[in-house]
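Chains here go by letter, A, B, C, D and E, matching the order in which they are written, and residues are numbered from 1 within each.
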Amino acid sequence: MSIWEYANPKKFMQTSGWLLPWVAALSAVALVVGLVWGFFFTPDDYKQGSTVKIIYIHVPSAMMAINIWVMMLVASLIWLIRRHHVSALAAKAAAPIGVTMTLIALFTGAIWGEPMWGTWWAWDPRLTSFLILFLFYLGYVALWEAIDNPDTAADLTGVLCLVGSVFALLSRYAVNFWNQGLHQGASLSLDKEENVADVFYFPLLVCIAGFVGLFVALLLLRTRTEIRLRRLKALEARERMA
Amino acid sequence: MDLSVSDLAVARGGVPVLEGLGFAVAGGEALILRGPNGIGKTTLLRTLAGLQPPLAGTMSLPAEAIAYAAHADGLKATLTVAENLAFWAAVYGTGASAVAAAMERMNLSQLAPRPAMSLSAGQKRRLGLARLLVTGRPVWVLDEPTVSLDTASVALFGEAVRGHLAAGGMAVIATHIDLGLPEARVLDLGAFKARPPGEGGISGEFDRSFDGAFA
Amino acid sequence: MDLSVSDLAVARGGVPVLEGLGFAVAGGEALILRGPNGIGKTTLLRTLAGLQPPLAGTMSLPAEAIAYAAHADGLKATLTVAENLAFWAAVYGTGASAVAAAMERMNLSQLAPRPAMSLSAGQKRRLGLARLLVTGRPVWVLDEPTVSLDTASVALFGEAVRGHLAAGGMAVIATHIDLGLPEARVLDLGAFKARPPGEGGISGEFDRSFDGAFA
Amino acid sequence: MIALVIRDLRLAIRAGGGFGLGLAFFLIVTVLVPFGVGPEGATLAKIAPGILWVGALLACLLSLDRILALDYEDGSLDLLATAPIPLEGVVTMKAAAHWVTTGLPLTLAAPVFGVLLNLPQPGFAWVTLSLAIGTPALSVIGTFGAALTVGLKRGGLLLSLLVLPLYVPTLIFGAEVSRRGAMGMETATPLLLLAGITAAAVALLPFASAAAIRVNLR
Amino acid sequence: MIALVIRDLRLAIRAGGGFGLGLAFFLIVTVLVPFGVGPEGATLAKIAPGILWVGALLACLLSLDRILALDYEDGSLDLLATAPIPLEGVVTMKAAAHWVTTGLPLTLAAPVFGVLLNLPQPGFAWVTLSLAIGTPALSVIGTFGAALTVGLKRGGLLLSLLVLPLYVPTLIFGAEVSRRGAMGMETATPLLLLAGITAAAVALLPFASAAAIRVNLR
């Protein structure tokens, strides 16, 4: 059985309906365990004090924000090449989740930066390229919103996602280049191998798993909603034809 | 080289409007499309012109054979009548003599140095029709070409179409009024109105793949 | 309250196009303006509606009595049919019942929840005409109102005009085609074409004040 | 006349984020400046109040051609000019709708964007206050510019050219309030002047705008 | 296809200064910044190369909706799409016309405006060079944005939102060349990267733009 079977709408609605509660429950468990473990059962960092605990939200959300864009790119490609409606709608459904994750990462980063760097924001390459990613998300969502015909919107946002990904990579590189000569050591970003001890590491892994689960659950839910929404529109149009 | 269409279905905004269309137009023939407002004439003509894909069915002619003219004439307000035509002549590679001939034919020679924005509604329309003459393409696909034209200009237009047909061209024309082309065949689109999917009508790709997904 | 016009001259782009116009329309009467393309119908109607000043002559009615409708319908593509009409009803202070009645009259009730951009050319035109009904103004000044309408809709329009006249209203309508209003008076504008100033025609203010300045 | 404001707001929302887009442009200007100027915090802190004002002004500017051009193209303006409400009222309502969709969100967002530009702490309140007082003037002046250029095909750039010199006094006093505020200096005088400009513009310019529209429709 | 460029240039001239307006906007941005930021020479000298690039970019941006929207509205785009020239060619020619009317004048004027911003002496040549190399990319990328939004009523602001993140790499490298040049540092690497971006954009983006237009006309 080919994997495209699952892109069959009927199959997708069945499978996702069955899968959704399980994924949601699993991610809830992982999130609760990870966050409680991280917040209450790990020691304070000797350098950063209790602020280090923001890592349990910041790092998973930042990772998700980037990976959701990659997932949207794949879904857009599938739509553009194989014209599977489910994947177009999945890309549409993922975007707002990505925006939210980006915002969470930005806010937690800013809140963390205040005590650590003495500033809410610095034009560090990593932060900067993240901000650019946020702009790409905004443009993508705005384009979906602005176009009425769903197929047209899917095509155009697909092309945007493709071109945007190339430019996002370019920007990532450009930003590194731009801020190299002036590096003031502002980027305290801890490197995993060096700074994060095992006590922090394992609950972090659980939290990341929780965020992945949360994303999958939200994605299934939202894709199902988008499919139904579109179906509703089609039925309304049919109604008017009759 | 004929224009023939079989079992064509066209949609607008994702909603099927016409289905089961079949007709053929041979060289030297004109086909007049009739039907009430909203039946789908504009949609059909845009599909023929290759501006949108058909929902189903086949068309025999490539879009490259077709010259399309609709409500929007594609005129640049600040260019003169002559410059507007010269531009399209350059795009279609027909050259200056075609421009002069088209202006002559559509009674525009007097207006040649006037910018398009100072023309009246009917004069603009005449200019839009003159553009067809400079394309040099064999199949004219026209959407309500005589809107705003007075009787003399309608006759002028009839002449132009007849000349085009005599040279072996074809024309498909949607209109609500009489064009003075008694030799043309008339196709009433009323019979091809798309039925609701429940009654066996065609449906869009999305609908087709999702029917039955909500049991 | 009559609409009467005497010795009117109108200009477009600074060039006089019509002169010596005089006519009167009483309550319950319609006047149909005819004339070849470019004679100056649109210019005259815009002048009556108060959108541009006349070159000379007088008009008896203030622009406040007039509802004007031209090629551009003033529709917002993203608003629905009902919302478009409701807006104009609010501007003219006529209220929701007028909207419902106008939609009924122009056979738009079915299309009420559709955004204007998804309408066909003729459906848009019907909506533009429905706007006239919600203005509640006594004098309709219409520029080619039946463009793109099919026969049934032209009849619908004729009914609406007749209803308006029966209620004591007036109408001045420029058109090239037959509206099915045999009771209306027809004025051919051909006779009022502005003569060149050399032959006694009227000229613009600038020309008048500068004539003789270059001796 | 309230119907006009409601319609304009509804159109802004339907058009897919009429509210969000001015804001997005503002964000983008504040993001671009560091790319051009370089990332050092001290330089940015120094120019932050001025750049915020210039950014807000440009975001306003870019949305000006929405105010009247669409209504002109589809004939609504002809119809509004012959409708039973004074054209001065129409113009004022249009400016009000523009302010709600552009000036207001810009004002609310400015402090957030100040963070990106490393705006010094005391500056936040002053930037917000000066924008709240100054943006209505930007909308009214912009409406006047839109009225002057309404007949022209794609007069966007011409519009900017006409409007920008008119914006200069507002910009000078607005940026001055912000800069002095950010440095902890006295701000009463420029603030009063800014308020004066806004009051005068709101009271008088609609007459000029209405006159310009009448001429343009002719 | 040359006919298309000629027509677009002629339209730009007829429209009353299509050439001048981008320039005027650029001038006004460079004038506004000192008003906002304050007049000290040292600060200005420091930010001058960056502001010149940001100003040029915004001037470009503002004129993007001219590229395709007018042709869409009056039906020319429908007709061009059915004409015997490939849509990729149409798009490239449109971008070329945009560059001639906007990018080229901006490049030529930048040194003059540099004086207003107190640009350090060695910077003049580098700003000009970097703009000459970078502005074609701005036109091509902008045409892509215009193609995406061509069907939308007054998509101007959405267009800016879509295009600006795409402009970031060009801006960074362009401003970097100018800034390093102004400070007398080595500029070869960013210059090469800038040229690379331009070359790639000119070669590849027209295909994406043509695809977007086809979808939009459908």
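Following the convention adopted for this analysis, a residue touches a chain if its C-beta (ideal position, glycine included) is under 8 Å from a C-beta of that chain, and two chains touch if they have at least 3 such contacts.
These numbers were taken from a predicted model, which means no experiment stands behind them.
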item	value
Remotest chain, chain D as reference, centres from CA atoms	B
Copies chain B and chain C touch via same or different residues, half shared test	same
Busiest interface, counted in C-beta pairs	D-E
Computed distance of Cα centres, chain D from chain A, in Å	34
CA centroid of chain B to CA centroid of chain E, Å	37
Approximate Å spacing (C-alpha centroids) for the pair chain B, chain C	29
Inter-chain centre distance, chain B versus chain D - centres from mean C-alpha coordinates, in Å	45
Residues of chain D whose C-beta touches two or more other chains	15-17, 21, 24, 28, 31, 35, 38, 73, 153
Contacts with 2+ other chains: residues of chain C	71, 77-78
For chain A, residues that touch 2 or more chains besides their own	132, 135, 138, 142, 146-148, 178
Chain B contact footprint on chain A (complex, rising order)	8-10, 12-13, 83, 85, 148-151, 227-228, 230-231, 234, 237-238, 241-242
Of all residues in chain D, those that touch chain C in their complex	3-4, 7, 10-11, 14-15, 71, 73-76, 78-85, 217-218
Complex contact set, residues of chain B against chain C	12-13, 35-38, 40, 42, 71, 118-123, 126, 144, 147-153, 176-177
Sites on chain B touched by chain A in the complex	13-16, 194, 196-198, 204-207, 209-210, 212-214
Of chain C, residues touching chain D in the complex	49-53, 63-64, 66-68, 70-79, 83, 87-88, 90-93, 131, 135
